[in-house]
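Look at the two complexes coming up: chain A is in both, with chain B in one and chain C in the other.
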Partner chain A sequence: MPILTQGRRINRVLVVDDEPGSRDGFSESIEDLGLDVVCEPGPMDDPDSFIASLCGKADAVLSDFRLRVIGHYSNFDGDRLVATCYQHQIPALLCSSFTDASTVIDRSLMRFIPVFLPTTTPQPEDIEAGFIRCVEEFAGNLPPSRRPWRTLIHIHDVDDSMEGLFHVILPGWNVREKIPLWRDHLPANIQPLVQPGKWLHAQVNIGAEEYQDLYFDEWETE
Partner chain B sequence: MKIRFAADILRRLGEELNPSIDRGILELVKNSYDADALMCTVELANADQPGGHIVIKDDGDGMTSHDIEDGWLVLGRSIKEQRTRTRLGRVPAGNKGLGRLAALRMGSRVLLTTRPRTEKASEYNLLIDWDEYKGVELVDDVLLNLEPEPRRTGDKHGTEIQIENLRSKIGRREVKRLAREMLLLADPFGDDPKGFKPILKAPEFEDLEALVQNRYFQDADFHLIAKIDKDGRVSAQVLDWRDAILYSADHDELASKKNKLRYACPELTFELWTFLWRTSSFVARSAPMKDSKAWVEAFGGVHIYQNGLRVTPYGDPGNDWLDMNLSRVRSPEERPSTNNSIGRVLFNDAGSLLVQKTDRSGFIESDTFLEIRDYAQDALDWMAGRRMEEAQKRREHEKAEVTSKTAETRRQSDAAMEDLPKEAKETIKKAFRDERDAVDKEIQHYQQEIQLYRTLSTAGITSATFAHESAGNPIKVIDQSIATVERRARTHLPEVYESQLKKPVDRIKGATGSLSVLGKATLKLLDHEKRRPARVEIHEVIDKVLGTYAPFLDPRHIAVDAQYCDASPYLRGSEAAVESIVTNLINNSVAAFERSENKERKILIKTEVTNGYLRLRVADSGPGIEEISKREIWLPGRTTRKNGTGLGLTIVRDTVKDLGGEVDAIEHGEFGGAEIFIQLPILGV
Partner chain C sequence: MRRETPGTLAILDVGHGCSAVISTDDGTVVIDTGPGSALLEYLAESGVEVIHTVVLSHADQDHVGAMAQLLASRRFRIGRVVLNTDSEKDTVIWEGLLVSLQEAANAGDIEFEVGISASNASKLDLAAVKMDVVSPTPYLAARGPGSKDQRGRSITTNTVSAVILIKCEGRPIALLGGDLDDIGLSHLLETGADIRAPILVFPHHGGKGGRATSARAEDFARRLCDAVLPSTVIFSIGRGRYATPNPQIVNGVLEECPDCWIACTQLSESCADQLPNSHPTHIGHAFSRGREHGKCCAGTFVISLQDPSIIQPSRQDHSSFVDSCAPTALCRVSRRYARATGIDNGRRGGE
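Let's look at the complex of A and B:
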């Protein structure tokens, strides 16, 4: 039975995963929800071409985070794919049990990833709730944990042992927790400003309870 | 109607905005610079006590009555703000006149005498008596009288300011600071004969002046010259103390990390001279090491010269605007610090791209300033990278050299022995042979140990790769498939599922759960964040290890009894170090249980704190230390377990030693099995 919400109908879901067996696994969860499933066999060159090819094929997307383990499937990971879908108002869920996902994910993209299920065995009801949440956000209904605020950010340290890694502290969120970020995930004009002790501003959802759910967007140079 | 100022504003602007006495005097010296003076002397008379006076005298262009009235006496606006260059092409350095006010108010009276270059026969005198402002309400209630006088024959153009009856003394420390600032003001390291020469008449100045004139640049081990051209393109080279080029780089190499097409700042040169002061290599230099050390101690740091004049506080003691010391702490090898280097950043900025703060505490941190700092740091990073490469090559070369030297030494000693008397020869030869055999064995032993570490590292890397892979793919597929089987069977065959399928489904789920936990445990060990030195809460680390190990220990029926002392001991080190101690001790116990007939498998982990030390005891109910001596358990490769590495306890011992602690063991402890004692110095509880 299709999902009907905010005047929108989700009947067919595209499953994206580089592992064929896993695509089948995700498909079965969706089928048990009563939705139709199509699988993306790859290869995928860039998210925009993917979006163009989606037209008429599916109403929503469920993607794994790591899409580049098995060769010749995708040139990008699931975070970019789901964020691009969101920007085109296509409901999309990201799933992963990858241990380091929360560390390596691009936090500017997290703004456009409303649902990140930390599992590869999502239950049908979780999938349904996830798609409904996406559509709610498209209608402008953001839960408090996802609302952006202009936030003061303190660059705590730059990690010399790992190229490009640095830590920030958000005094307005939690003065004790250091949050890892990657320099190359920042806009080019901000990257040179990453120096220990520096204070910057960006839009951050400081209503989030866990650091894994924080996004950083619209960085300011002043 | 108009806004007027209370006389008290002079005190507020003068004294309260003035950061220090030396800064105020420097402002007057800069006025001399702006007046195209070549010399400017500052004389302190009885200034070490209140009531003394200061005379600032220059050979500049002097001032006309118009200059005095519309410039010198106007606060908050300087005629130099027009930024037109002076007669000698200097970019004016004076500010809004507040620094000058601060200096003039150091005494109770100021006498200005000035002879303008454009009026050959004129001299002007102006007296400001600050006490007169105490009795009036508004600033302009006091009228100043400018007295023109005919110039005496022979008196040349210039200005003299006498500040009389000083309100407070100028201490030795302030004089020394003033001397240093005056010397550094006009880039004394440059070679401009037409340059501005400020002089302070004080013994402290003479000492420092002698030091500055000696200039030990030529003795520096490395001389970095980094430039930005007018198009924002950069280049750099590093010279040795003989001025031979060691390394050079163009824009593409220097800016590759940040992928910058250009640096958005004025054309500039950044030079840095770094001294290693190694006794072994500091030979054939122009002066003894102690001289260059004293010189760097007095003038070290990276100074900024804007339009030929120094901008404070960059390069002052304690000012490390390029974070050189921080970088050196993080990576001590081949990095300069403010204690062993001296440098300058020179640029001309007629367009006022960089503006100094009103209180003279440096530039406003505009994009241009940040870009300059960025480039200087990029150049330092580049130099450090090249020096690291060089150091690595040197180490490899030294290694090869040691091997060849050893062979040569052996040849020489063999030859020498041939000359010995026959009766002594055989005895000495045998002694030498035995000694060489012992050394060779030791070397062989170390080589095996290194190889063992490398093999284990490779095993670790491989298991991490597999851990990623198994969590990412095969386990995921099994998980998803069994979840589908469970869900569909529950829906379509509820009775059959409960009676016949639930148990095997739960078994598969339990097994994949354990597998993925083990994979995650491997990856957790590799978390690089744990390797960074920081405050480590010992109980927290033990708890984390036990949490990670729980799915591994439970199926083996191993019970852990963690008995912590009533405190939270912590030390400075890396979490990885403490973790490796605890992990290896648990691994050791787990391995021991496999050799034990005791059905009760227990591990005791107990902590106590005494006299600044943490005592950690790990005891198990295994067979204890048998078939190997207590002393040998710590040696690498010694194990009683087939296919064991014999490295676990060696790692424990080495790690504990690195943390400044001690290890010990007893063969049969509280639980009957081995008991290991670790003592670690802690920072607190």
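Let's look at the complex of A and C:
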């Protein structure tokens, strides 16, 4: 039975994963919801071409995070794909059992990834709730945990043991939590400003409960 | 002539932390900001754009964290910010906040004032709403955190936490306890100030604090409640953080005030292992941080300044929620305990 919400109908879901076996696992969960499934065979060159190819093929997307492990399936990972779908108002969910996924996902893209399911066997009710959440956000109904606020950010340290990794503290959120970020996820004009002790501003959803759910976007140079 | 709507006092559900907002026709005053976005969400929902005064009770992040957010957000115009010195709070965050405040003051955006004690309370008044600072005493404020009092007891950030008695048209409404500790309470009680109020926002979220023994925690609660004589005691807590309120604190409250309504902003893990399955229907419309994830016990309280017995959510609705979703909550179990010991000890009886 299709999902009907906010005047939208979700009947067919495209599953994206470079592992054919995982695509089957995702498909079973979606079929348990009574939705139709189509699988993306790849290869995929860039997100915009993917979006163009989606027209008429599916109403929503469920993607694994890692899409560049097997063969030449994709030139980009699932975080970019799901964020691009969101920006085109296509409901999309990101999944992964890769334990560190939440620490390597680009946090500027997290603004456009309302649901991350840390599993490759998501429950049907979580998939349904996730798609509904996406459509709610397209209608402007962001829950407090997802709303952006201009936020003061303190660069706490630059991790010498891992190139590009640094930690920030948000005084308005939880000063005991050092949040890992990657320099190459920042805009080019911000990257040189990443120095211990520096204070910066960005849009952050400081209503989030866990640091894994925080996104950082619209960084400011002053 | 008495106006029909003197306004409201909101005790916000900010998770673990404290924030209170006084809203009247004459303006808005914020006492502590809590952490996170809860205060900003509440103010935005309420249509507030101008804040007359922000009072920061002391330098702990769970009370001042969102001050930096208020400034950074650029959504609100702030008249002035008032706080106390704390040279012991040697954190980057405290330093960053003070620098931000000074820069805002230099730019002419805010007035930045230092010094809150019982000696200058009237500075905080907002027309008919008086905010009497009853602690720290001028002596404690002058000594400051990191020093010792005349009996050799250590004065900490919590000792000098501002405790504010809110009155409207001369009538006490609520005592906001900040993070007041035993030493601060002793000094406060020695002043002989009348701190009776129908509503007590219990200090330090009902945590045991640095008290070495349970007996001391219970004694603190009893001494405070004996002076305040509240009919409602609010614990501003965050589920999953620090397991507040402490059972001995709740016992002490109920031994002294067996008929009082005890209510927490969020449902303590000490009261219920599991969160309710259904979305809460008993909490008021005001923003509550716990609402999204079903963590509220009473959520945000909105209290009429004209009649402090008018509170959202109502005692009846909250009690029904506790009965159905947390029947072994501390406020229930401790009440039975207090009733039993009250009978045994010949103290005041229970409900």
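Heads up, the rule we're going with is that the second predicted complex is superposed on the first by the 222 of 222 C-alpha atoms of A that agree within 3 Å, B and C clash if a C-alpha of one lies under 4 Å from a C-alpha of the other, contacts with A are read in each partner's own complex, and residues count from 1 in each chain.
Here is the rule we use: a contact is a pair of C-beta atoms (placed from the backbone, for glycine too) under 8 Å apart; a residue touches a chain by one contact, two chains touch by 3 or more.
For clarity, every value in this text was computed on a predicted model and none was experimentally measured.
Residue contacts after overlaying the shared chain place A:Glu19 against chain B, while chain C stays out of touching range.
Comparing chain C and chain B on the residues of chain A they touch gives the larger count to B.
When both complexes are overlaid on chain A, the residue A:Pro187 reaches neither chain B nor chain C. In the superposition on chain A, no contact is made by A:Pro43 with either chain B or chain C.
Residue contacts after overlaying the shared chain place A:Ser97 against chain B, while chain C stays out of touching range.
Once chain A of one complex is fitted onto chain A of the other, the partner contacts of A:Thr221 are limited to chain B, with no touch recorded for chain C.
When the two complexes are overlaid on their common chain A, residue A:Gly34 makes contact with neither chain B nor chain C.
In the superposition on chain A, A:Pro143 makes contact with chain C only, while chain B stays out of contact range. Residues of chain A touching chain C in their complex: 143-145, 147, 149-152, 154, 156, 169, 171-175, 199, 201, 205-207, 209. Of all residues in chain A, those touching chain B in their complex are 19, 21-22, 24-26, 28-29, 32, 66, 69-70, 97-100, 120-121, 123-124, 159-162, 180, 188, 191-193, 195-196, 221. Residues 258-260, 323, 326, 330-331, 367, 370-371, 374, 468-469, 471-473, 476-477, 479-481, 483-484, 487-488, 491, 516, 520, 523-524, 528-529, 531-532 of chain B are the ones that touch chain A when the two sit in their complex.
For chain C in complex with chain A, the touching residues are 35-38, 40-41, 61, 65-69, 71-74, 91-93, 96-97, 100, 287, 289, 292-293.
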